[in-house]
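Think of it as A, B, C and D in the order they're written, each chain with its own count starting at 1.
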Amino acid sequence: MTVSEDQTRDLEADFERTVAAEGRVEPRDWMPEGYRKTLIRQIAQHAHSEIIGMQPEGNWILRAPSLRRKAILLAKVQDEAGHGLYLYSATETLGVDRAELTEKLIDSKQKYSSIFNYPTLTFADIGVIGWLVDGAAIVNQVPLCRSSYGPYARAMVRICKEESFHQRQGYELLRTLMDGTDAQRAMVQDAVDRWWWPSLMMFGPADGDSPNTQQSMAWRIKRHTNDELRQRYVDMTVPQARALGVTLPDPELRWNEERQAHDFGDIDWDEFAQVVKGAGPCNAQRLAHRRAAHENGQWVRDAASAYAAKQARRTEGAAA
Amino acid sequence: MTVSEDQTRDLEADFERTVAAEGRVEPRDWMPEGYRKTLIRQIAQHAHSEIIGMQPEGNWILRAPSLRRKAILLAKVQDEAGHGLYLYSATETLGVDRAELTEKLIDSKQKYSSIFNYPTLTFADIGVIGWLVDGAAIVNQVPLCRSSYGPYARAMVRICKEESFHQRQGYELLRTLMDGTDAQRAMVQDAVDRWWWPSLMMFGPADGDSPNTQQSMAWRIKRHTNDELRQRYVDMTVPQARALGVTLPDPELRWNEERQAHDFGDIDWDEFAQVVKGAGPCNAQRLAHRRAAHENGQWVRDAASAYAAKQARRTEGAAA
Amino acid sequence: RDDLATYCLMLADDALVASQRLAGWTTKAPELEEEVALANTALDLLGQARVLLARAGHLGAAEPFRHGPQDAEDVLAYFRDDRAFRNVTLVETDLGDFGQTIAWLLLLASWRLALMQRLTGSRDPVLAAVAGKAVKELTYHRDYAAQWVLRLGDGTELSHARMQAGLDAVWPFVEELFLAHPVEQRLVAAGVAVDPAALRADVDAVLDQVLPAARLTRPGRPAVGLVGGRGGRDGVHTEALGAVLAVMQSLARAHPEATW
Amino acid sequence: RDDLATYCLMLADDALVASQRLAGWTTKAPELEEEVALANTALDLLGQARVLLARAGHLGAAEPFRHGPQDAEDVLAYFRDDRAFRNVTLVETDLGDFGQTIAWLLLLASWRLALMQRLTGSRDPVLAAVAGKAVKELTYHRDYAAQWVLRLGDGTELSHARMQAGLDAVWPFVEELFLAHPVEQRLVAAGVAVDPAALRADVDAVLDQVLPAARLTRPGRPAVGLVGGRGGRDGVHTEALGAVLAVMQSLARAHPEATW
């Protein structure tokens, strides 16, 4: 069945009306190809980030220094696998399946958040990832709970709820360490020094260098520019850092009374570009790890398919 | 070329004369098939023991608690690989090559010393293996330096020299630990408790249950019975234990003035039989480890052969 | 009281070490659903371990190992050497590939489920309560493992071979599960503990149901021997445990005066 | 004096961590001759590490880490956390299969040989002497690795693929070998240390000779990035080092008051 140009125009007008009226687009609804592609790219990238993001935290599960922290960390990493599952399901409503996206990730054809290309060097990094990285993720993601695409918006509601739980746990770990020994306090400051700038980079390029933002905002996929979100994150984080007793590693960071916002120093966009293009500290490691897990699991997935096929034949045989 | 019955009889008489006169049988000399088979079995078993014996000690190389001990242990395990090399070379003079024997080891068709089927549970075990296990090996092996088969006797001279070096290092480690903390002293006693009885089993079954001993002694492959060697080992070790300050775990162990030797308790021959038949604490682990190393190295050995063949063709091509 | 503390350690260490091993699968599982399921199993076992370690701590088990301000559960988990761990050696074995992991989990969960089912009737109310919760969790673990044994055993030729090899590899450690330690024997007499020998029939029943359906053969390999009659319950472990604990305890021991 | 101590730590840690990694091959090598050769290489590197750690100790480097009666070399090896290790990250990487190990060894030995050759001319007589001995050892290591690169690269189709994959895997860590740390820069100016940037030509010369003969391609993969401009020489390592040290230091740290 083909659709005439007139019909397409009608559908497009419907779509635009729905989006403009803050309505939800659902899988069965018509949508422009560009909208679908943009969503797939964005949701896939988000799903990949959840999965790759398990690695830096997974690095400390076996060495977590108390059983309580081990349980919290294991549960958090498990939640991330769960987030990956919802998000890949959301892409399935757009017509691409998980296996295809996993291949694209492994072949470096799709990206994931570049923050996960930094190493976790001490256990304080676990707290700082919760506080700063999950904190930045939440600032990015809360507006996505009102995304125009229904399945994505609903997945984000659930994910944001869990992320803020993780963020509180991260902050609580840092609180405990700051109340602990000198070595523990030093560990926290060191971790903050390493993660602060990369966390600012999580909001993406400056607005002037972010060509897709306008269209995404028109489609109500995105609702704020990168720089708006980054500013909101800085303003939110500075008082938390003060409460914690750590110094954010930016000598230019200060309150601007006039703007009623914090000024902050220049991001090292060269470092950002390096990491995005694959030359960060852990890009190769993260992808190699994911690729190895995927390849080592092939025989298991093949067995499950073969078994399911046999079972289906048996059921058929029994029914006939 | 076949050999007539008369000739065989002459050769056999020559061989018997050489052996009886404490002469050396060399690879080019005629020897009875039974002698050759007995030697192959014994030397292969000894070679396998060196190789498998690397595993319990290798278990502690990465965790050795001082750099000096790490160097000593690494050098010792390397020596054992070297011993394996000489001994497999000695079997090659008897017409079987290393690859064939390795297959037999991996397929459980040839044995290795059952002592290596016990686990090394603390670093004191490294000292006790040096003292007791190498000590027992030396008692077993010194007479083999006068074995009637030349290549074996010469290999044993070199091996015995290195083994006594290892034994002294083991004893010195135990001395250091006994002069150390309470925890270190307890570690030594615990290790002695676990290794003493297995070390007595290293001399093999009691003479009444050792059917091959008589023939091996007649051929001057062996020179003392199992029980004679075991007694010599006990008599040698008791004063060393006293000097060290450890208790050997045998309430029946005492000096017998009449025999001018130590009496000692009954060995648990059931445990010995279990371990020999493959049901010791580590039999499966040791063989699985060796098998995995061998299989994982197949592609490397294949590459070396392929490269050597190419090089040979190139040299030929250049010469032609 | 000492016996009860030791018994709590035995049951706790089984769960703690098994949890640590399973947690090693994180980010390496063959599929995201397995990632979630294995982590969940590790979490359940960790939870069981924590309650039991805390109980052992209440009974004084942590004091000989205490050098700092940590909770009893952490003193027991992080400041005991492997020779003081009381777990059966099955739980400390290297899990190998996914097939071996599944074989290991089927055996472990079937056995621990049978144990916990009986322990719900313990005269010790704390143990009975722990067991009640554990039964639900372990039933899920056993069923999860059984499903995968079927899929792998009756999947492809390759998966069948690997599933059988995995079962063969863990088999030598099964016999120890049914040996009663003197501490257990005394507590069985007191109506507190479960006799491990009584669990064999339950485990066999699971295997008799699952293995033929998965076209797998019950292995004939001999059990691993004890060392002078002593095994994991006596603190005489395989060489694997030391390496597991070296990693697990490294950070806690680097900061003996810290809590987290 | 602090700079010299730090420089000794850099050169020592490179050798110590590399030795620890190589020692992991023990009982796992593809042939007995390789068993002997790899252990020997690990021993040579361990020997180099020990002399350099002792020197760093004489210069006071061990004191901040001392809690017990151990020798300086052991204080520095066992009681420093990974953030205080000064090695380049190449040495801490997982060695992978035999092909990757050989690629790693070719790069490491070629680079360290070039460094030690120049260091024989150091104004510091101890460093010059250490370097003199190391040159002989490293020449052997490099030649051993080069021989195997040829055999594997020009062996079978499978070995060629694995050798190339191994080279690709270690390649991203090569660039760091030629970065000069401020400590090195100051000591270069004083005639004590070697400028890492000057070593590139020597390493390239080895690669230009060996790789084509082994039918291997020089990888084009990007170098791993630094973290905020800092790398191994600053104590900012990969995630691999923590796990290596957790195992290496476990026993020594379990008995902080003991010597062995």
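Rule of thumb we're sticking to: a residue touches a chain if its C-beta (ideal position, glycine included) is under 8 Å from a C-beta of that chain, and two chains touch if they have at least 3 such contacts.
Owing to the predicted nature of the structure, the values given are computational and were not obtained by experimental measurement.
Touch-path distance (fewest steps) from chain B to chain C is 1. Between the chain pairs B-D and A-D, more C-beta pairs are in contact across B-D.
One finds 36 Å separating the Cα centroids of chain A and chain D.
In this assembly, the C-alpha centroid of chain C lies 40 Å from the C-alpha centroid of chain D.
Centres computed as Cα averages put chain A at a distance of 58 Å from chain B. Taken residue by residue, chain A touches two or more other chains at 63, whereas all remaining positions touch fewer. Residue numbers of chain D whose C-beta contacts span two or more other chains: 246-247, 250-251.
Taken as a contact graph, with one node per protein chain and an edge wherever two chains touch, the assembly fits none of the named shapes, being neither a line, a ring, a star nor a complete graph. Pairs of chains meeting the touch criterion are A-C, A-D, B-C, B-D, C-D.
In the complex of the two chains, the chain D residues touching chain B come out as 16, 20, 23-24, 26-36, 39-40, 42-43, 46-47, 49-50, 53, 70-71, 73-74, 77-78, 97-99, 150-152, 154-156, 158-159, 162, 247-248, 250-252, 255, 257-260.
By the touch rule above, chain C contacts chain D in their complex via residues 81, 243, 245-247, 249-251, 253-254.
Residue ranges of chain B in contact with chain C, taken from their complex: 56, 59, 63, 117-122, 190, 193-194, 197, 271, 274-275, 277-285, 288. Those residues of chain B whose C-beta lies close enough to touch chain D in the complex are 51, 54-55, 58, 61-71, 74-75, 77-78, 81-82, 84-85, 88, 98, 123, 173, 176-177, 180-181, 183-184, 289-290, 292-293, 296-304, 306-307, 310. The touching residues of chain D, counted against chain A in their complex, run 82-83, 169, 172, 221-228, 236-239, 242, 246.
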